[in-house]
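We just call them A, B, C, D and E in the order they show up, numbering each chain from 1.
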């Protein structure tokens, strides 16, 4: 019984932490656009907390490079369980158009385990909402 | 002070700006740049798309008659579809859905035989 | 008050925080969303948040912090229970202040600079609103001749009519206490703040949930204080509290965050002068 | 109180982008601020060696998602100059329209973030709500919301149809009305003024010597706007740079606010004069030589140095983006300020870190 | 095409830029291009009333270039960038990131030079 309530609460209240891991701002502002009136993800209880210790869903946009991979790892470790990682945009998935550049390590999944991949360049807000919803499936288990 | 009042009062009384997305889906604009779709039966495996792709996510093997694309590296610029000589490559207006596993689109066709085996192969 | 009545009141006080406070928080979020042309979260959203937080992995920075979160929660709930028991106003205020200080101590005990700076600002906030609250209580005392809430209820006409300026001062305190713009200095409901979550940065999981519930208790307490200004009939009290809260949300939405210098200067200047005017006016009549 | 060091970023909600500012504080007053970069560095200029010069358009577009089209336009203008291509007039006017649309959406985005930096959440929401209309125009005309990929060497890929023209004009009218409603809030609201007036003052001389560009420089009273060079079709439409003289955050806010309205006017002019004709000329041959191309981005002057040697790939592509030039302003403005003013000052130069580091 | 180019040498870099400052030019940026195994080309761009003027310095890779950041403070950022990407050392930088502006310590190669330069601290 309690578990059922807890699961429901978890899916109803995904607090997101957004980390721009070297994206071009495209996906970034689309993530922010999700919070604004036209998409308003607060309908689903999503709020941007900006503090890893409070977050449940980790939205990562952009390529990983040698400097920010440590930050990424660090942030990931600070998020308490249960957590969901959503990689956003072509850059977050594989490195996108930049994956052959010298300072690019590749997609987010090279550093931390990723649960949901949201393709697009930039990913549309609709796709980002879909992605978070898909990620919440993991919490139901 | 409080200069914002008329605006927020208008918001309070007026219609919400929110699109109730998952419940109400707005149709995509007709020339929105979404997923790349290859009609493998008419593909001639000329390789122009692979050469033009700025993200280098398309590989074409003429001998084996295969066409593959890594949609997670695709930047949806639409250059491949524009430059396709046979018109087999098209860009649809729907965006690609999020997935839990990365996939690679791998299509095999035979140039003279109208016969294709589209299949999605998992990456690594 | 009989013993059975007392027990009912204690239970009501204990329940009011998590239930009433949560509902108020939910309503607050919906109203804010409406002001911003959004739909906003469901009414029960704060409850989901808190339940979820209890289910999160425990990450304790240090033992102090766990203790402080609990102490804050206990103090806040005791002050509300005392309020429901119609006890001494001064006692209620001091217990509430002790709780608030525990929250700050917990934040100071961590090493995060955001948390430290947030705690620093919270102390300044406490410094700003506590004297004003005392003024309000003193005003009530001068009017009714007692610090007991009982005596306010015994008063035959709404206190608001005698202490209108005091009510303005109290709503000023309310803005600080509810962490609303322009005074969301130490921590803020939304993330876009220079101190991230400020004071609450290092509280996480169930401890954050505890501070959240404690905050609800405090909301109930401060709104309860507001309701004391209209005790003659419950409809009047609810209307007054509702209106004040609506006003708070409105101010939250039409103003930017200011810094603590402004808060201290403006708060004390305005609070003290308004209180004095009111007290002098009381005497003069 | 002894000195505290606050690490501002790389993950910080006020700055959506990863830049690290090491702030040394005494009480709440900043004594030193040193920025650290490298969190977004991808090495994009080097990609010119493996992508050919046509493909590079789409790469430079992704230097920055906010002013992407203007990057592509600047790059294309450089290559066109090298190859001696004359761009058809319709394409030049279309470039003006889309680049000004980008300016509006970037400025509105900035206004929102700026409002958020001083804790004015509803103003943030309002600005972003208006901005969605511009994004809809982008999506309807080009197919993508932000990175619109319309420029090619020799012209444009997409066209604006006559039905779209009318729709754009009516949408712009809405946008203009909504923005004008915010005017009193941004220009006269007590709390906004309290947080912005007199914060981060740069005199004209200081700003010029630091090599600042764009609205940051114009707010200090120097009328320097690359659109005065008359690239694309800016020489055929009326254009006056917006200048303010105070040089503080408030002045920078005013400049950007007025530019937003000005851009709407520029689009109207460009639409009124939009000539018929072909969209693009075919780019034949390979570029050779050195060229410098400059255009005005929402954040200021962007500077491209292109060196080509007649091969498919460029020999060197160097991009100096506006924020790169504006970063020294931060070092000059931050010391002596309050911690609570840091977000306001940092955002007042409209930092775009992915531009800066490429 | 580039006009108004003045060639300068290592000795008079600072002198020439100081002259530009006196004439009222605004510092735009530096561009660095690798020419061959031993030399790079550094272009100093200045702007005045929308007219660009350039100083071209052909510098050897191994000897440090005098920094112009004491003259134009804004130059420190781009000089640090060149230090990172090309391995050229600048002497007298206002703020020296010691080649960690963009790249991490563990990156040992200078990405823009085809001929790898392992960097050392400049002689003091």
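Here is the rule we use: a contact is a pair of C-beta atoms (placed from the backbone, for glycine too) under 8 Å apart; a residue touches a chain by one contact, two chains touch by 3 or more.
Computed from a prediction, not measured in an experiment: that's the story for all the values here.
Engineer: Which chains make contact with chain B and with chain C at once?
Structural biologist: A, D
Engineer: Looking at the contacts, which chains touch chain C and chain E alike?
Structural biologist: Chains in contact with chain C as well as chain E: A, D.
Engineer: Based on mean C-alpha positions, I'd like to know which chain lies farthest from chain E.
Structural biologist: C
Engineer: If I count C-beta pairs in contact for every pair of chains, which pair wins?
Structural biologist: Chains A-D share more contact pairs than any other pair.
Engineer: So, what's the distance in Å between the C-alpha centres of chain B and chain A?
Structural biologist: 21
Engineer: Calculate how many whole Å lie between the centre of chain A and the centre of chain C, each centre taken as the average of the chain's C-alpha atoms.
Structural biologist: 34
Engineer: Quick check: how many Å separate the C-alpha centres of chain B and chain E?
Structural biologist: Here the centre of chain E sits 43 Å away from the centre of chain B.
Engineer: Counting only Cα atoms for the centres, state how far chain B is from chain D in Å.
Structural biologist: Averaging C-alpha atoms per chain gives centres 28 Å apart.
Engineer: At least two partner chains per residue is the criterion; list those residues in chain E.
Structural biologist: Residues 102-104, 111 of chain E touch two or more partner chains.
Engineer: Tell me, which residues of chain D touch at least two other chains?
Structural biologist: 12-13, 38, 41, 43, 46, 58-59, 62, 120, 122-126, 129, 132, 144, 147, 189, 191
Engineer: What residues in chain C touch two or more of the other chains?
Structural biologist: 35-39, 190-193, 196, 253-255, in rising order.
Engineer: Please list each pair of chains that are touching.
Structural biologist: Listed in label order, the chain pairs in contact are A-B, A-C, A-D, A-E, B-C, B-D, C-D, D-E.
Engineer: Where on chain A is chain D touching in the complex?
Structural biologist: Residue list for chain A touching chain D: 17-30, 32-33, 36-38, 48-50, 52, 62-63, 65, 67-68, 71, 75, 96-98, 100-104, 121-122, 124.
Engineer: Under the stated contact criterion, what part of chain D meets chain A in this complex?
Structural biologist: So the residues of chain D in touch with chain A come to 10-13, 16-18, 38-44, 46-47, 50, 58-59, 62-66, 68, 109, 112, 124-125, 128-129, 132, 135, 144-147, 352, 354.
Engineer: For a test of understanding, state which residues of chain C touch chain D in their complex under the given definition.
Structural biologist: Residue positions touching the partner: 32, 35-38, 113-114, 116-117, 120, 181-182, 184-185, 188, 190-194, 196, 253-260, 262.
Engineer: Hey, which residues of chain E end up touching chain D in the complex?
Structural biologist: Touch list, chain E to chain D: 1-2, 21, 26-29, 31-34, 43, 45, 50, 52, 72-74, 76-78, 95, 97, 100-104, 111-112.
Engineer: Inside the complex, what are the residues of chain A that reach chain E?
Structural biologist: Going through chain A, the ones touching chain E are 66-67, 102-103.
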